[in-house]
Amino acid sequence: MIAVLYPVVAMVILLLQLLLRTHRSLSLLGVIHPVISLIITLYFIVSPGIWDDSPFFLIDHMSLFVMLTTSIIFAAAALYAVGYIDGLVRSGDLEKRSLRIFYFGFSFLLAATTMAIFTPNIALFWICAELTTVLSAVLIAILALRATIDASLKYIFICSTSMLFSFIGIIFLFEAVRNKTGVGSLLWTEIVDEAAGLDSGMVFIAFVFFFIGFAAKSGIVPFHTWLPLAHAKAPSAVSAVLSGAILNIGMYGILRMTGIMKETGVFGQVSVLLIVFAMITISVACLSMLRQKKLKTLIAFSSIENMGFILLGIGIGSPVALFWALFHMLSHSCIKAGLFFSAGILHRQYKVPTRTGEDEIGDLLLLQPFAAVTVMAGCAALIGMPLFPLFLSKVGILLAAAAISVWIPAIVLLLFACAGVALLRFYLPVMAVRFPAGEGPVPYTAPLSMKVPIVLLLLLSIMIGTVMIPGEEAFLAAAVADLGFGVQL
Amino acid sequence: MIGESFIFALLNVAFVLVISPFFMMVIKKVKARVQGRQGPHLLQGYYNLAKLFRKETLYSEYAGCISRIAPYAALSILLVAAIMVPLFWIPEQELVTANIIVFLYLLVAGRLLIALLGLDAASTFGGMGSSREMSLSAIIEPVTVVVFAALVYVTGSFSIHDIFRTATTIFPAYNPTVLLLSVPLFILIIVETGRVPVDNPETHLELTMVHEGMLLDTSGRNLALFELSHAVKQTLLMAILLNIIVPAGIALELSVGALILGGVLFLLKGTVLCVIIGLFESAYAKMRFFQIPNLFMIAFFFSILTIFIEVML
Amino acid sequence: MILNDVAPVWIRICLILVLVSGGFLLSSRSLKNLVRTYQFQSFLLVLIALGLVVLEEHTILLLVAALTVVSKVWGIPACIRLIQERIHIQQDLKFSYLRPPGALMLSILIILLVYITFAQILEKLYAASSLFFLGSVIGVSLVLMGLLAVCIRRMAISKVIGYLSMENGVLAFGLFVTELPFFIEFVIVIDLIILVLLTSIMTVGIDSSIEEYKSRLEEFHLLSEEGGIA
Amino acid sequence: MSEIFLFIVLLYALSGVIPLCIRKKRIWSVSSIIMGGGGILLTLFSLPCLLVSSAKTILFQGEWVTFPICIGIDRLSALFCILLGMLSLAVALYTPGYLDRMHGNRRRYVVSGFIPLFLLSMLLVILAGTTIAFLVFWELMAILSFFLVLTEFEEEKTRYASLFYLAMTQISTVFVFLGILLMCVSTGSWEYPSHLSGSDPLISLSFLCLFFGIAIKSGVIPFHKWLPHAHPAAPSPVSALMSGMMISTALYALLRVVTGFYAPNAAWGFLILAFGCLSAVLGVMYALKEQDIKGLLAYSSIDNTGIILIGTGLWVLFTVFGSPALALMAIAGAVFHAISHGLFKGLLFLTAGSVCQAAGTRNIDEMGGILVRMPWTGGLFFIGVLSIVSIPPFSGFIGEFLIIMSLIGGLSELSPLLQIVMVVVLSLFSLTGALTVTTFVKAVGLTFLALPRSEGAYHAREVPWPMYAGPAVLALMSAGLGIFSGQIFSFLGYPGLLPDLLVLFLLLLGTSVLVYVAVWSYASRKTRITRTWDCGMRAPSSKMEYTGSGFTEPVVRFFAPVYRTRICVTREYLDEHQCLFRTGTGSIHLMKFFEECLYLPAARRIDRYASLVAALQNGDIDRFVLYVFCTVILLILILGWSA
């Protein structure tokens, strides 16, 4: 029953956040919550024997893996937020009274995400996913600027309307199960067990509708349109969470659903559908990146690209591809969150609004050497340089893809090259801009709490990129097996 | 055997050194006669050299060490090249490789030094000369290599010694390819030694000079060395042509009689060739600089034709 | 017993009426009428739920009906009216991409498409006359029509109504899967929260459609892009 | 064995990490000493592998995440390791002095830290024993060199160069990556395959991918365009490494792939040969016209790449058509030239770097008279030039010689069609050689000889001794390798390939001494230094000298079709009717054919597509919902259709 700790801790934290008043205590609670979640998750991971003790939770390798990613990102973001939000408040960008909303929303978002991951029921999962949309919309709009509200509204409109289709999909799935067994079911595990004999037509409808909503949630083209806006306009701590954790929820849904499809007769069609969407997503994202003028928008498009790539891995559907897709998910989250954090430091430095709306970065290496270097490292990681984990998953997934068609890796690689060029094409001129003497902004000293998470995440990503942590491979393989994709690697 | 090679090297180099100025003068004489002049004495070449060696040497105040080194280096390179090309006697063993490619690249080395010398003295004429020289050499080089490749192909050997030895066994009249080869080889001599229509060794006109332009700033013993190396180069190229087309008389073993015969015959053959060159020069006008590639194309055409004919036969 | 025979017909009529109301949502130009139509549509769902209670005797459907009445027939429309009063706009005349007649034609095509598609897939399992089949076709069609409304209506408030009608579509479909409704109600509660959030955000200063609001701000030089690196 | 190897790796890594972590003054000297030590050790370590064994020695085997990594050394890789060791040593000697005179504080630490890491990555590429390891190190090499090119990022030109470089590197990566993936798919393992053959299209495709990927990296025309931008933009030790070692690394990869991975195939031979000829001829032609001395050297690297490609292509053809002796000759020429090119190109770049730093310019037309001012540097540069224009006893001659020999030999052994190919290649090859001479006469003559043409050149001073000691190592190697080439080849087990150049060298030396002594003893020794020929001018100035463009003008006219020019005229008028001419400019630009007709249009086209795609994201929510709507309708259609 240790899993109950998740909601209990969340409750306690939320309650305390309603009661406590000082900024310091609020931010402390914000850090404590994800850290405790992380500890619980780690405890679960190391002791597989107690998984079945928690009746109302779906605890298996898969959910623990996603939870691990989520809690790492949340913990880093909470730590980062300590300095970041403080800066926002001091400079008057964030009103004092919004503080509580922010921290409350932040913890609630973590709670909702946790529930979404662990709930055994599809409909509940759907509801929790919807909740994360609402809560992150609040967090996006927290600065109460027109642009952020606008972005957050678009987020809600696109996501919610698409998510309604998912619910139709869930109803179809339910009906399909009922058709076979006489009793409908909404439990992931039960559906997987019954999946083998389900009516293929119904199941395919169910999948397609389900996919629409969760594709929107994870930023798959053409449902991605909210993503660059929301991620770019949100405060950086929130952008990191959105990119690193909330997008994964969408992917999690698609993963589980694809696992069900694997057992039915329609996996071939599903696979084609997913690969087509993945290719469209990667193409649109990579090409769009070439034309972006703002760092955070650029990074947001890169998130779309990476989601497309994970989707490609899922679409290929071989155990190896799924293994690397999961790997990619974790590593992308770490790198992307770190990059958003660095971008946040730059944002604090160069926040002076300009008429043109263009970025006005200058004296980068003089004013913000740390951020400049970490952005560079992040870009290198995103390009897929070795030592960083994205390289590995690139190799793994594309190798699996090459077995299907030569064209997939060829096109994907070319598009990745475009993305790499886009990142540097943005960054190189920015590096060299010099302000005329005496006209530059006052140097902004980022507090330690903003730098530590960046370094930690970069180190973490290098670690998973260079060594297999003992047990990592087996754990990921088991997660793939949990989805119903066999075990052979 | 090594001893024999040494003897060969000494004899050959000495022979080349001795007869080269003579050949130069023969050409001058022929040209003068054709123009209706008396022309220099046939031994005038030796007198000139002696005079130059005795004179004071001037260096430009801007010149660096290239001007000091190049004359000696150029001559030594050509003398080493001279060991590779037997004039009147083919020894059993090569002292140094007589590979035709090595020979060609040695010529290139000489040219490189002279071209640098032209630039060293900071005078406009020098730069002009070396620019023209290098441009011409750039386009003549493919021709040269293909001509020699054809030669190798026809005779089946890379070594100049072996090529000559093979040439003695085939009678040129029966072998059209060898005759064909003589055309490009002849053009090569014209180009490499800076003769009309490519270059005019007699004048120092800004418009026309190529080779002389580079040497404009040299004087005294340096000039003498360059004149000598120029003459040696001409003799070597002539020897290649002669010993392939008319190999008659070339000594194949070490005996005094054969050597003398070979030497005398070579002198004769060389004189005849010089006369032909002189006549050829007189028959043509200096070409416009940018027309010269046409001439090279003729040589290129013939050498490729040779190869094709050999392929087809 | 008569009720048992009447109920299927009753439900069918209501379903058709739901579609008609969906069409009306696409074409109406008066905001007041829009809200009324939505109210009417929700009421139809209540009637369908009651019909199903008679037919299948699931008492939980009564609960659904009650919740629907409270939230959709009364609560949400009231809320929207409140906002409407604030922003002083009576008419929604601006459309993008499609004018109402075109939208109506398109919605007919949509219904056809959904019918044909579902008929092909579901014919093995359900008789063409089964309520589930009808419900699925009409529910999905209504969702799509709602989406169309969201797409072509330019005012945010009409978009919200379009979204609500989409949700009605899901509910209409969900009603026919008898074991589900409890969750459907949950859905409604959640989406109500979204709605409240939406409206509260929008009352910050919105008085026209989202895009226009931006340009209007620019007109008065009020737009302070947060700029910077974002 | 493997302990020593790990120790070497450690040395390189250490010398890379030290300056990145410790910010003490002149810490790069320490780092350089360690790196130089590593270089020497590496050379000593690889020498036995080259001489003794031909079998592969595994140095390290392990798993990297889940992929097998194997590091091993065999003869071919030992050869390139030695090159790397020597270059490390030279650069280690050279770099501290260069960095001392470089501006910018932080970047000096970065440069001195990245150089050993860059070398290490190349070392590992050479020693990689599995395709995945190769890919990893290849990528690392690319990114490290990218950062090194970026050193002077304030300059617009450098940024352009590095972006160009990055783009091309990315494309190269695409191909290499794809090739390796396909190879893995067709063979099912990450091990280096041996002599793959068969009709499987995957195999041909993987070869083509690998070839193009490597070709981009080694600057084969038409994929070369990044090279003359990137190499000059980097600091000189880095340019030396990029031109000397990175290209060699790429060529090593090419040799490995062509000779080891696949069974020879005539079509591929022709392909390689064609690209080789194109690169050789055009490379040297562009080099000839280049005014930037480092740019000139970079183009000349392209030309040498072409030569090596020709050798490799010939190997394939000769092997396929059954002339193993000629094939051996061709491949020996290619390998030898790759090594010697690494040496003399490193030498040339290092010395040219000293000159550029001393004169404060890279433009040949602004130099002149450097030899008097920097005799050591100039002398070493001259040795490099003698090597690159393949003057007999120097190392550059050997490779070209072997390839020419095999070409001429091929004339008599092959079928008529191939003979025609051989003749064409032969003439192009010799054209390349001749143009190289012209190019380097220009480079030496205008840079080092005559009068200085700018203030900077006038004030140039000789660099401190380590900065010419480094190049001197390379110069010695480069000369020694040539002079003892015959002995080296017979020691390696290939006697008789080459004539004995030692004798030639001794003869040359002896003759020179003889001639000098003869002239010294018999001729007049009177010497006067004066103004020799001043055309009647009182004070001839440097303005009267030939300039670089003047020097090459005849060649440009001869090859007018290659050198396309464009005339740009600007006019300004006093009145609006454009009647009264006020001022104007006219200039003739050499068209950068590949850049202007291939790369930039392609980039623009991609950009146009990109802006079309980016326009999808126009910020209008109606549009966004429309996307969703259309997609849903489409999906339902698909559902209906698939049912």
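Each chain carries a letter (A, B, C and D) given by its place in the written order, and its residues are counted from 1.
Methods note: contacts are C-beta pairs under 8 Å (C-beta built on N, C-alpha and C of every residue); 3 or more make two chains touch, one makes a residue touch a chain.
Quick caveat, the model's predicted, so the values are computed rather than measured.
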Chain D and chain B - chains in contact with each: none
Contact tally winner between A-D and C-D is A-D
Find the chain most remote from chain C, comparing centres computed as mean CA coordinates. B
Chain B and chain C: spacing of chain centres that average the CA atoms, whole Å: 99
Inter-centroid spacing, chain D versus chain A (mean Cα positions, whole Å): 43
Determine the centre-to-centre distance between chain C and chain D, using the mean Cα coordinates as centres, and give it in whole Å. 67
Taking the mean of the CA coordinates per chain, how far is chain A from chain C in Å? 30
The positions of chain C in contact with two or more other chains are 120-121, 147, 150, 159, 210
At least two other chains touched by the same residue of chain A: list those residues. 153-154, 157, 161, 165, 201, 204-205
Chain B residues counted as touching two or more neighbouring chains: none
Pairs of chains in contact (touch as defined earlier), listed by label: A-C, A-D, B-D, C-D
If you look only at chain D, which of its residues touch chain C in the complex? 619-622, 625-626, 628-629, 632-633, 636-637, 639-640, 643
Could you please specify the touching residues of chain B with respect to chain D in the complex? 53-66, 72-73, 75-77, 79-80, 83, 95-97, 99, 101-102, 105-106, 108-109, 111-112, 115-116, 118-125, 127-128, 130-132, 134-146, 149, 152-153, 156, 158, 216-217, 219-221, 224-225, 289-290, 293, 300, 304, 307, 311
Which bits of chain A are touching chain D when the two form their complex? 153-154, 157-158, 161-162, 165, 201, 204-205, 208, 212, 216, 222-223, 225-226, 228-229, 269, 273, 283-284, 287-292, 365, 369, 380, 383, 385-387, 391-392, 394-396, 398-399, 402-403, 406, 409-410, 413-414, 416-418, 420-421, 424-425, 428-429, 431-432, 434, 465-468, 473, 489
Over in the complex, which chain C residues touch chain A? Could you list them? 118, 120-122, 124-125, 132, 136, 139-140, 143, 146-147, 150, 156, 159, 163, 166-167, 169-170, 173-174, 177, 179-180, 183, 186-187, 190-191, 193-194, 197-198, 201-202, 204-205, 210, 213-214, 217, 223-230
The residues of chain A that touch chain C in their complex are 93, 123-124, 126-127, 130-131, 133-134, 137-138, 141, 143-150, 152-154, 156-157, 160-161, 164-165, 167-168, 171-172, 174-175, 178-179, 183-184, 186, 199, 201-202, 204-205, 232-233, 294-297, 343, 346-347, 350-354, 357, 359, 361
